[in-house]
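In the two complexes that follow, subunit A is the common piece, with subunit B as its partner first and subunit C second.
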Partner chain A sequence: MQGPLIDTLARQGITRRTFLKYCATLASMMALPPSAGLAMAEAIAAVRRPSVIWLPFQECTGCTESITRSHSPTLEGMIFDMISLDYQETLMAAAGFQAEEALHNAMKDNMGKYLLIVDGSIPLGLDGAYSCIGGRSNLEILKEAAEGAAAIIAMGSCASFGGIPKANPNPTGAVSVSDIIKNKPIVNIPGCPPIPAVITGVLAHYLTFGTLPELDDKKRPKAFYGETIHDRCYRRPFYDQGKFAKTFDDEGARRGWCLFELGCKGPVTYNACATEKWNGGTSWPVESGHGCLGCSEPDFWDAGGFYKALSMPADPLKIASAASVAGAAAGVAISVANRAKKGAARSAHETTGLADLEK
Partner chain B sequence: MNDLQFLTWVRGGGLDIAVGIFLLGVLWRLFEIYSLGRKPDLSAPRHASGASGWHTIFRRSIPPPGMLKRSPVSYIGGGIFHIGLAVIVFLFVPHILLITNLTGLSWPGLPSQFVDLVAVVTMAAMVVVLVDRIKNPVKRFLSTFEDWFTWAVTFLPVLTGWLAVQHLLLPYTMMLALHILSVEILLVVLPFTKLFHAFTLFGSRWYNGRVNGHKGVPV
Partner chain C sequence: MTTAQRVVVDPITRIEGHLRIEAETDASGKITRAYSAGTMVRGIEIILRGRDPRDAWAFAQRICGVCTLVHGIASVRSVEDALHRAIPTYSIPQNAELIRNLMIAAQFVHDHVMHFYHLHALDWVDVVSALKADPKATSALAQSLSSYPRSSPGYFADVQKKVKTFVEQGQLGIFSNAYWGPPAYKLPPEANLMAVAHYLDALAWQREVVKLHAIFGGKNPHPNFVVGGVPSAISIQSGGGHGKGPHYRGGQSATALNMAGLQTIQNVIKQMRDFVDQVYVPDTLAIAGFYKDWGARGEGLGNFLSFGDLPSKGFWEPDSYLIPRGVILNRDLSKIHPIDLDADTEIQEFVSHSWYKYSQGDGQGLHPFKGETELNYTGPKPPYEHLDVDKKYSWLKSPRWQGKSMEVGPLARVLMLYASGNAQAKELVNYTLKTLNVPVDALFSTLGRTAARTLESKILADAMQGWYDQLIANIKAGELRTFNDQYWDPSTWPRHMQGVGLMEAPRGGLSHWIVIDDARISNYQAVVPSTWNAGPRDTQGQPGAYEAALQDNHVMHDPKQPIEILRTIHSFDPCIACAVHVTDPDGEELVQVKIK
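After this line comes the complex of A and B, so read on.
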C-alpha cells in the first residue's frame, strides 16, 4: 500500500468519479463550499500515508470496532487503511517489545507531524496504576506521545469526556485527554462509539487544509455536532403533534411515534446519527425503536437514567414527605401560638387599631 | 459542571430541594391561615338569591359592570395571562409527564405548536400588564418590591421555556436547565409571597361570599 492513495483506490476498483463524488459528499456534509470537495479530492488522492499513532487507554475497543466493522468495504474503511497506522494495539500484528519499538520509531521519525488518536479515558487514581501498557501508566504514555503530535483526536466519549470509566463514582479517577493536554490542538469525536464518517471527515479536513475543522465549545466538529438528534430526527413531526409511544411495543411505537416519553435524550444530544445513520446508512438507534442515550454528551451515563423522559425527575424525591410533615407541623405549631395570642388578647381586652392592620 | 450535569442537577437534587420547600411552605401557610378561625356569626342568615360562597367564586372571575371599560388592561391582560399559564403548565405534554411522574395523575396534552403560540400570547399579555403597572401612577404607587419580583419569577419560566423550545439564545441543554431552575425558584418563592393566591384564591372568595351571603348581600 505504498504510493498515492488514488492509486491504491484504483487498484481496489474505485473509479476517480466515485472518489470525487465521495469527496464532494464529505465536503457538503461538513458545510464546506463546493470547491472544497475538489480540493479535498486532490489532497487526499495525493496523500502519502500520514503517520497516525493510535493509543488505547481505558476503553472497550468499541471505537475500533465501529471503524473496522461498520463498512466493508467502503471508502471510509479504505481511507482509514491508507493512513499509516503505526501503532494500534488491536489491529497491529506486532506485540511486546516490537510494538513498543514501532511506537517509538513512529514518534521519532515523524516528530511534530504525526496525528495522535486516543481512545479511552486516562485513570489518575493510584498514580495511574489502573491502566498500564508495557509497565507505564497511560498518563505517562499520553504525555510523551502528545509532545510530538501535530494534533490530537480524542476518539469516542471516554477520550473526549471521560465516558463510562468516569461514571459515578469514578473509581479509577478517569479523566479526558483535554483534562491533561493543554498545549496541543485537540478534536473531540465523542460517541459510544463515534460515527466512522465523522472520523474520516476530520482526517480529510486535516489532510486538505492542514487545519482542524471548526469546533464547538466542547471541541467537537461543528459540521457533525452542530445540531441535536431531536432536531434532525424523522420522528420529530410526531413530537410536535404530541404523539408519543408509551411503551416499546404499543401502537404508537409501531407507528413510529416520538420516543421522548420512553427516555429519548435526542433533545440534548448533539450528534449526526439522524443524518449519517449507522452501518452504511442502514438504520440508527431511534429508527430501530430505541430512544437516544445521549452517548456523545459529557457524563451521559449519569444523566438521570436512560428510560426517564427529560422532563421527569432525574432522581426520586427524597425530602418531599419529610418536608410535608415539617410544614404541617410548623403550621400547626404557629396556629396554636396564634390561638394562644388571641386568647390572651381577648382576656386582656386589647383593642385593634389602624397600626395593627399594617402588620 | 457542564451543561448536562447542570441539567441533571436541576432535574435531580435541585428539584428535590425546590419541591421540598414548596410543600413545606404550602402546608405551613394553609394550616396557619385556615386555623385562624372566626367567631361564629350567631345572627339568623338572610336569604338572598345569588348570595353564597360558590356564587362569589364564579362571579369574581367576571368583571363587575363598568369595570372592564375602566381598567381593560387589568381584566383582559390579567385574564389572558392566567389562562395562558394554566394551558402551558397543565397541557404541555412534557409538563404532564412530570406531573404524572410525581403524582400518578395523567391527562391528554395539546400539540406543542399550539402551546408555543399560547406561550407567546401569555408573554405579550404579561409585558402589557407590566407596562401598565409602570405607566399607571396609581398602580406604580401601590407596587412594592414583591410585585416586581413575583412578576419576574412568573415571567422567567415562560420565557426560558419558550426560548428552549425555539432553540434561541443558548444551546437547548443549557436553556432547558435554566428553565427548570427558574421554575424551581418559582416553587420556592410561591408559598411565601403573594403568589400563594394560587392556593388561597378560591378559599378567600368562598369565605367572603359566605359571610356576605349570611348577611343577604350578593357580592
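After this line comes the complex of A and C, so read on.
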C-alpha cells in the first residue's frame, strides 16, 4: 500500500505498520471482518479527501468540543489526512460572507458526494426565527444542504432525537434531523456529547465503504450502541451481589459499588461508555462515581429524574435477600452469556490482527 | 470606500454559538454604530421549571459545551445557596471545594489556550505566510523566546512540510476563504510558522489536560456534578474490594479518584503550567508586539464587574476568594465598589431591544429573582437581509449594574486582582506593559483583553498546585468526605427557598438564580457573561460591551474583509448558545434563562 498519506505519515514518523494497526483496531472495534481493516487503510489513504460539511443548529458546541478530544485518530489527523472539513463554524478561519461562500462552494463542487454532519436540533416554531444563520432559518439551510449530501450524520442527541431543546414542553418546536429529512441515508450518533471514538469510527467506516455502518431501529450504529451500559459495566458484579452505594461518599461509593439506587440509567442506556471510556480511556461517568444520565437515549431529559432509581422494590427491607437470590440466578445467566459474547469478540479481534493486513 | 455603509458579519465564526454583528461605517470606513445580535434561542428555562432542583445542573450545563462545566457548578451552587440561606449550618466538604476549584481552574486554562490558538489566533496569524518561513530562523526565534523543548529546525521543517502538502492538495478545508495577507496581517513568516506549530501542539495538549475533568467528573465535555459536593468518591484502598470479574474493564481501584487518578491530576497540573509558561505566555507577548496598535482601540465601556471565585474557605466566604468580587467604574482602579446581590436596583435586566415582553412595560429593569420573560419575536421573517436595530434586534437581554453597562471576563478579573493588590497580578501586568513598551492605557483595549486572558491563565495554573497539595494533605490525614448527604432528600427542605449560584466563568461573571417551592423549581434564571458583554442596547440607548468596543476607533481597511470586527469580537471570546428567555405556554409565571 502506498500513496500521499503514507508518505505524509512517514514524514511525521508514523510507520505504515502503526497506521495499519490503527485501521485494524478500528475494524475490530466495529466488529468488521479482517479484510475491512485493509480496505479502510486504502480508502483513508485516498488521494482526494472527501468533503465534509458540518452545520450547527440549536446546539451548545459540546459535540464539536468532543471531537477535538479524539485521541485516535486526532482531529488534526482527520483534517490533514482523512477529510476535507469544508464548513465548521467553530474552527473555520472565514466568517460572514466568506463563510457562506465557502459553504456554497463546497456544496457545488461536491454535489451529491459530500458528507453532511449536523449538530443541534432544528426549531420549527416562528417560521424558524428561533435559530438563524446569516438571516436564514436552520430549516431552510438544512433542506438545502441535505439535497446534495450523500449521507447525513446526526451528531449528538439534539440532532439525533431533538435533545434538550425538545425536552418538555419543547418551547421552540425543536425536532431532529430525521424528522425533517426523509430521502437520505441518516446515521444517528446520540450522546450528550457522543464519545469521540464513536464519531471517528463512523467516519472511518463511511470513508472506507461509502456507506453507513449497520444501524439499529433508532438509526444508531450497532457496533457502538448494541449493548447497554449496564451490560458492560465494571460495577456489574456488585449489582449482581445486591451491593449498592447509598450516597455519593459512603463506604460503598468508595468501594465502587453499584450506583443503581442513586439513579443510574445504565440498564436502559445503549452506548459504549463502559467499554470505550472517555478522554483517552481515562474514566467514564460511573467510574467517577455518578450514575449514567442515559444521555444517548431519546427523551432522556424527561425520563423521570437523574437521581430516581429505575424501579424501587416495594419493601426496601427485602431488597438484600431478594437481590441476592434473584441476583445470583440472573448473575450466573448473564455472566455465562457475557463470557460467550466476550469469547466471540476476542476471537473476532484476533482474526482481525495486524498480521492479516500485512499479508 | 466613498460612502457610508452597513457591514453585516453573520455568522461570526470561531466562537460558540450564533452571533451576528451589524455595523454602520462613515465614509472613511470607521465604525460609527455597531449592533450585536444573538440569533438562536432554545428555551432551557421553561424546560427546567417544575423539575427537581438537584437535576437542574445537568440541564443548565447544556447551556454551553465549550465552557462546559461552569453552568453545572453555578447551578449546584444556586441550590446549595438556597439551602444555606434557609439553614445557615449547611455547607459542603472542603475536599469538594478543592476539587471544584481544580476543575474550574482547569476549565479556565484549557478554554483560554484553545481560545487563543484555535479561535483567536487566525485573526493575527497568517497560515499561508508560514510556508515562506525559514525553519532554522524559526527555531532561533522560538528558542529566543522560551525553553519549550519542541523548537528544533527539524520540528518546524516538519510542520511546514505538513502545511505545504496540505495547501498543495488544494483542499484548504477550514482554512479556506480567509482574509490572509497584508495589510491586516503583520507577523513575519517565522512567527507565523511558530504559531501554526503551536496551534497543532495546543490541540494535542488540550486532549491530555481534560483528563483532570474525566477523573473528577467522568468525562469532558459535560462532566458530572452533584448538589452537596462532588460525585467522585475517593478510593484509596488498593483493589477497592472488587475482583476482575467478567465485566472488569480496567482501573486499579473502585473509582477513578484513586492513587493513579491523583497522579494523573498532578501530571495535568504540571502540563498546564509548562504549556502556559513555555508557550502561551511567550506567544502572546511575541504576537502582541506586532500589533501594538490594537492596544489603542476596542475598549468600549471602561466599567468592569466580577462576581469573584475560587474560595479557600468556602463559597459563602467571598473574602476568601482568589478572584475578588466587585465593580470598577470608569477605569478607576483606586476604588472597588461592592455588589449587593439582593438589592432590586443593583443587578437588573432590560428588554427594550430584546425580543421579549415585560408585563409592566418594556422600559423597566427587573432583578433576576423577580425577572419575567415572555418571548416576543418582532424581527423580520427569515430569510432577512437586515435587522431593525432601532427596535428589538436580539435574543439576548441587557443586564446592567446600577443602570450601567458592564464588561465581564478576563480583563475585568485581572483589573480586579490588580486593583485589590494581588502581587502576582501586579507583577505580570507590569512585566507585560514593560515588555511590550506600551502605556497603562493599553490595558483597556482589544489587545489588553487578549493579554489579560493569558495572564490570568498563568495565575490560575499556578494556584492549582496549592489546591492539589491541600487535597492530598486531607486524604493523608484520613479526611475523605466529598459529599454532604444532609438535606439531600428534598422532603427535608423548607417549602420555599431561593438562592444564587455565582461564579467566574472563563468569559466572565456568571449567576444562576433559582426559586424553589415544594422542592420543585418555580423560577430559574441565568444571567451569563456573554449576555453582559454581547447584549443589545438598553432603555437609555446605552450599548453593550461588544457594541461599545466596536465603536471605539475601528477603521475597516476593507468592509468586504471585516477582520477588524473579528479581532475585537474574538477578544471577548463570545459564547452565544446564549440568550434563552422563555415563558410558559399560557404566558404566566414567567421564567428565563440566558445561555452563555
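One rule holds in what follows: the second predicted complex is superposed on the first by the 285 of 359 C-alpha atoms of A that agree within 3 Å, B and C clash if a C-alpha of one lies under 4 Å from a C-alpha of the other, contacts with A are read in each partner's own complex, and residues count from 1 in each chain.
Keep in mind that, in the parts below, a residue touches a chain if its C-beta (ideal position, glycine included) is under 8 Å from a C-beta of that chain, and two chains touch if they have at least 3 such contacts.
Note that this is a predicted model, so its numbers are computed, not measured.
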item: Most subunit A residues touched (candidates subunit B, subunit C); value: C
item: First, second, both or neither for A:A95, with subunit B first and subunit C second; value: second
item: Partner chain(s) touched by A:R232 [first = subunit B, second = subunit C, both, neither]; value: second
item: Contacts of A:A309 with subunit B and subunit C, given as first, second, both or neither; value: first
item: Touching partner for A:K113 - first (subunit B), second (subunit C), both, neither; value: neither
item: Shared subunit A contacts, counted only where both subunit B and subunit C touch the same residue; value: 335, 338-339
item: Residues of subunit B that touch subunit A when the two form their complex; value: 2, 4-5, 7-8, 11-13, 15-17, 19-21, 23-32, 35-37, 93-95, 97-98, 101-102, 109-113, 167, 171-173, 176
item: Subunit A - residues contacting subunit C, complex; value: 4, 8, 11-12, 48-49, 51, 56-66, 68-71, 74-76, 79-80, 83-86, 88-102, 105, 123, 126-137, 140, 163-165, 167-172, 174, 192-193, 232-238, 245, 247-250, 253-257, 273-275, 277-290, 293, 295, 301, 305-307, 335, 338-339, 342
item: Contact set on subunit C toward subunit A in their complex; value: 8-18, 20, 39-44, 46-47, 51-52, 54-55, 58-59, 62-66, 68, 114, 118-119, 122, 127, 158, 161-162, 165-166, 169, 171, 173-180, 200, 203-204, 206-208, 210-211, 213-224, 226, 228-237, 240-243, 245-251, 253-257, 261, 264, 375, 377, 379-385, 480-483, 485, 488, 560-562, 566, 577, 582, 584-585, 595
item: Touching residues (chain side subunit A, partner subunit B) in the complex; value: 218, 228, 231, 239-242, 244, 260-261, 267-268, 270, 294, 297-300, 302-304, 308-315, 317-320, 322-324, 326-328, 330-332, 334-335, 338-339
